[in-house]
């Protein structure tokens, strides 16, 4: 297993171009790169004011690292990056970035989906949607 | 179906940050964005000098548009962008960018994979790998 | 046992009314600890997980068996189901 | 029929030795056209698809039936399996 793994739990936003440049320095044999970006979306029937993400930072970092290690063992990957934000985020702000890179695209896609599934329910972040008339903690999806 | 579709067949490179900004103007209700980037990778047993991509431009554009229309009918998507480059590309240069965005991530992932499958064999591009000691037209993968 | 830092997140934090506290713990497992806390105030009954599932992490390891020992622990966290991504 | 623009791509282009040409076509379908071209030079036999599959697009519509009419066409392209993405 020769997969570079990068994990971040942070307030700051991502720069997709910079992440791509950093990746390219490490993945000359990889032809496929999958980026997943989760972003703040508007509600169906109310107007979102903002999203508040609470995190248990140290544990979140460790859990994400474990998930990446699992993925790197399961699929033939060259590079995994997971950065998850917390704090107050506005409509359309980025929440999470998952990058997976592999020689062939199948592995990058499958690993990306796996990591996202795990992030949804196994990593200590909690989202609260604050809208015009409502305010509620998001349930799992 | 209310999916924005953007297609490009071009020599120039992509700017991931700019594409993300453009997408956000159109997808306030979408929480998931999947970017697939195909890039020039090095060969296993020879040193790649460059990749030459030939295209039948007008037909390629039409075929890509058809594929995007199919995807937009099959999955609930807010946004599809496909940009495919041609001409001489160096190691690690971007070849293709596919962006799909949806309310929930499943649709974005599945549509991205479908579009990539179609691009591999149904759109008139041809890749030639020019290496130190070899030179050959890529076979389908 | 000595002083333990208790951490609460999300709905658990809101109900208990603080993000963390340092307390002198007598109990030797989580189940007993929850009883012990409840004697300090009714708000701690949220930890019993009757309204929504409550998870715990002892020194940053997720614990599923609430009867497992917490002796020597320095940090115990309680939180509802996670909703990241 | 009148003048038709023929286009060749990738290996087909390399074997025929040019990317395109404008020629006076007498044939009424692709099969006949390939015979007609072959009489102009042996390199055109690549179009028969014996070494690798050759696809054709008539006025930018992919054609699978090489006996279908090409009357009125203004552009006919020939190319090997596509390898995009």
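By letter and in written order, the chains are A, B, C and D; residue numbering begins at 1 in each of them.
One rule holds for everything that comes next: a residue touches a chain if its C-beta (ideal position, glycine included) is under 8 Å from a C-beta of that chain, and two chains touch if they have at least 3 such contacts.
Nothing here was measured: the structure is a model prediction, and the numbers come from that model.
S.K.: Could you tell me the least number of steps, going only between chains that touch, from chain B to chain D?
M.R.: 1
S.K.: List the centre-to-centre spacing of chain A and chain C in whole Å, with centres computed as mean CA coordinates.
M.R.: That gives a centre separation of 27 Å.
S.K.: Could you work out how far the Cα centre of chain B sits from that of chain C, in whole Å?
M.R.: 49
S.K.: Could you work out how far the Cα centre of chain C sits from that of chain D, in whole Å?
M.R.: Chain C and chain D have C-alpha centres separated by 75 Å.
S.K.: For chain A, write out the residues touching at least two other chains, lowest number first.
M.R.: 38, 116
S.K.: Just spell out which pairs of chains touch, all of them.
M.R.: A-B, A-C, B-D
S.K.: Quick check on the complex: what are the chain B residues that touch chain D?
M.R.: Touching chain D from chain B are residues 38, 54, 56, 58-60, 62, 84, 95-96, 116, 119-128, 137-140.
S.K.: Within the complex, which stretch of chain A touches chain B?
M.R.: Interface residues on chain A, with respect to chain B: 15-17, 20, 24, 28-42, 44, 91-92, 103-105, 109, 112-113, 116, 141.
S.K.: Provide the residue numbers of chain D that touch chain B in the complex, in ascending order.
M.R.: Residues 7, 9-11, 13, 57, 60, 77, 79-85 of chain D touch chain B in their complex.
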